[in-house]
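Have a look at the structure below, then the notes.
Letters A, B, C and D mark the chains in the order given here, with residues in each chain numbered from 1 onward.
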Amino acid sequence: MAKSKWEYVKGFEQEEILLPGCWIVIRLDGHSFTRFAKGHDFVKPNDVQALALMDHAAQQVMKEFGDIRMAFGESDEMSFILNKASTLYGRRKSKLISLIVSCFTAHYIHSWGSFFPTKQLQHLPIFDGRAVCYPSDRTLRDYLSWRQADTHINNQYNTCFWSLVKSGLTGAEAQDTLKHTQADFKNELLHSKFGINYSKLDPRLRKGSIIIRQGKRKADEAGQPTQADCLAADSVVVVAPAASKGLEVLHVDLIQEGFWTSHPEILR
Amino acid sequence: MAKSKWEYVKGFEQEEILLPGCWIVIRLDGHSFTRFAKGHDFVKPNDVQALALMDHAAQQVMKEFGDIRMAFGESDEMSFILNKASTLYGRRKSKLISLIVSCFTAHYIHSWGSFFPTKQLQHLPIFDGRAVCYPSDRTLRDYLSWRQADTHINNQYNTCFWSLVKSGLTGAEAQDTLKHTQADFKNELLHSKFGINYSKLDPRLRKGSIIIRQGKRKADEAGQPTQADCLAADSVVVVAPAASKGLEVLHVDLIQEGFWTSHPEILR
Amino acid sequence: MAKSKWEYVKGFEQEEILLPGCWIVIRLDGHSFTRFAKGHDFVKPNDVQALALMDHAAQQVMKEFGDIRMAFGESDEMSFILNKASTLYGRRKSKLISLIVSCFTAHYIHSWGSFFPTKQLQHLPIFDGRAVCYPSDRTLRDYLSWRQADTHINNQYNTCFWSLVKSGLTGAEAQDTLKHTQADFKNELLHSKFGINYSKLDPRLRKGSIIIRQGKRKADEAGQPTQADCLAADSVVVVAPAASKGLEVLHVDLIQEGFWTSHPEILR
Amino acid sequence: MAKSKWEYVKGFEQEEILLPGCWIVIRLDGHSFTRFAKGHDFVKPNDVQALALMDHAAQQVMKEFGDIRMAFGESDEMSFILNKASTLYGRRKSKLISLIVSCFTAHYIHSWGSFFPTKQLQHLPIFDGRAVCYPSDRTLRDYLSWRQADTHINNQYNTCFWSLVKSGLTGAEAQDTLKHTQADFKNELLHSKFGINYSKLDPRLRKGSIIIRQGKRKADEAGQPTQADCLAADSVVVVAPAASKGLEVLHVDLIQEGFWTSHPEILR
């Protein structure tokens, strides 16, 4: 193609390359999702259908980009872990962030009707994204532990908060009740006042969603993949629908060693 | 909220800030759109409905992000120009790229059925994005001139190529015929062999789409906005639908001074 | 030359390019210069020889790197302004910072004995450096105004502080006296208590040092370069020694228009 | 201190932080050292005094910055390895590069006369610098292996080249003779034609200089530090002068495991 005299402006592009040899985390966050959740009557404190839609969209992203080793999701956020040896798109930061955000958004919207057949989208959900490099297995695992601990902390708080609100308190009163309280207090509150045994709540809510590839396992395990997972912790495995063949969604502890011993292929 | 001992991993985030005082261009490109176009039977060389859908999605992005001064689109790419004084999201690069890409993708998919009522999406379109800073009005205008010149060059080539193919040549033969030829040759070819007067083709195809805000004009101009635009060049103004109130789509020359004299508010 | 199997590690280098079309400021700062000044008995509040050595080193840097349009120095800091169109070393950030810091350090140390013939270096002075891009003449001029205003603010404060200390106050007492006081108070203090007319102090101390190239002027001006400069403000021109032919050091106001009208070649 | 209305320009500074958890290499290179070597009659192919001055300057840098674990030098380049856990200056890239380059330059020039008592500096040597992050021990070791292999390759070539030139060939003829030849050919050439047994050449020339800290060792080893080093390879230990107490300079192989087994403290 002919070139124009204006082509010099291409020289202003500054492409950042993510450091080779590092695990790449691409984390997506729902934009103004408090408003989005309210506008679409999401169940409080957790809307399981909304969480399942997040997981579904993440699986589609993992089908599109084979270099993603696993994903971890909670609430309206999703982290994708790219292989540290990945050379996908030359590890160009903007390219990776934008494609993954675009792909996730596309599937979230396209599959909305399958997860919420009776709700029309009132306005469109959008997501932001960022990329972070972790230079070692340890720092990557600490990242994932951070997000899973966050899942627990938020879920425990929100379960207390909405129980109090449903029992008649205002939002401000509920907030005051919980201010500066510790985990023990909150568990006791849930148990004594609302008859909720926190540790029996759906693991999805307490542990978030871990999405990994089945295909990486040995063939003979593939038939009963969930058995091995169950050893790791108090897992509940949601068998992925046909469309997501080869991927499985776990709601198990990944902070302890057990998970990583059971899934050596993730960090390999 | 309580903090976990893993929170140190937040320190690995490296946020790039786009240089203050510069025009910010966020350019989106369709990912594997050759395949997408083929899979959805796009008309060759140009599918006007597909172009209109691009423009529609861009308008929705501009409604969401008020700091966007204008957009320029051609084929499967769209450039958004953010005000050089914008402090939107602290000018964080990843945030701006990801939100705009996400918003654009969301509307493209959500409005697909309105533009292609008889076609189902076979697979989902996704877009990549990048951000580029331009430090002066001159360099920004040169960027836009570069893209508009590219629109013309590509369209002229594609019009010739597909005319040749429709006339019976193979793709390879058409390519050979056009190799190393100049603009004059191509115009003459279109005219003499296919009876096409290139300069009479739909300006949308030759000039791309310029999307600007009507609201920025003086009240008394607002009634007949398209008149002023027509002075600029061989414009055809597509009046934006109700949903995009306050935005207009122009297909006019922006390389010459005229456009910028008529629209001083864009660079103000 | 043969390549080794370890050469892949070169791929970890991430070179940052300074945005084209922007003015580049490389600012150097003395590292731990409070200690350095004390260790070498610098005169308080200002050691004119030390300032002259800074200016001398800056001139040598400007002789080495022709793309530097001007320099501005005060205290132990020096800013070099590179032409916005410069393509020196491909505008590689690390390269430009490191070469200019190295060159400046080299000359500072090598010329130490000429400026302090009776003082041995007790330990070696070192400098840090940074690069900042300014996209417009306005922002560059505001940068220089910022540094010159800082020169004045610091000098006024230090002149008061050391006058008080020399008159018998402790450092803490002097600090207390000056806390939260305005410029007027300080000028009055200097005048009434110490008989110092601030506006008559050596312009070098009040205005800092501006180093520009004579060679850029018209030939007929070259003979009496200082005349033109004097028009700009209350300048005192130190004629550069033979070694720095073609450069001149000014101590004039650069905040007002006058300086820039008199020196249009700097921003050209 | 009072703030000026121009202070907003500080917002244009964009500080890059080197990724936590990675080894940081700051590599310095002599700028135009071919010219510098010629201008100061450096012995060809290697000037041992010039190499010793490089090592000396590097030791002074290591005394100044305690987070440097080791340095590796050859010819006119020197690499400093900062502890991967270092938080020195917040891991700010420009700060680290500039301070280390400045410190190295300062000592190189200040100590010139001690290493070349009969040579005056004709013009001043300057150095550029860059920073590279390596996320793992493996990649760091590969970096160092790359530099040491480069030392050997360059030295072998230069030894051949200058032997040929001293035997009467022109530079161009010597270059032609060596073009595309392998290591074996060069060794044979040195041996048969010039009676040089390459493997018996001064290890400094073949292995470069490794500078490490003695202080990190156990007390009982401190008395005879060179013994342990000798086990690693064909080392020649230059005992550092008093000024560099606690540092030692080795000229040994670091590509094999032996060096790292003997010096576990470097990567700890």
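The criterion applied here is as follows: a residue touches a chain if its C-beta (ideal position, glycine included) is under 8 Å from a C-beta of that chain, and two chains touch if they have at least 3 such contacts.
What you are looking at is a predicted structure, and each value in this text was computed from that prediction instead of being measured.
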Shortest path length from chain A to chain C (each step joins two touching chains): 1
Quick check: more C-beta contact pairs at A-B or at B-D? A-B
Answer with same or different: of all residue numbers used at the interface between chain B and chain C, are over half used by both copies? same
With chain centres defined as mean CA positions, report which chain is farthest from chain D. B
Centre to centre, by mean C-alpha position, how many angstrom separate chain B and chain C? 46
Return the distance between the CA-based centres of chain A and chain B, expressed in whole Å. 32
Need the CA-centroid distance for the pair chain B / chain D, whole Å please. 52
Quick check on chain D: which residues sit in contact with 2+ other chains? 12, 14, 16, 19-21, 133-134, 139
Can you check the complex and tell me which residues of chain D touch chain B? 11-12, 14, 16-17, 19-21
Chain C residues within the chain D interface of the complex: 1-2, 4, 6-10, 12-16, 28, 31, 60, 64, 93-95, 97-99, 101-107, 109-110, 121, 124-134, 139, 142-143, 145-146, 149-150, 153-154, 157, 182-183
Residues of chain D touching chain A in the complex: 19-22, 84, 133-136, 139
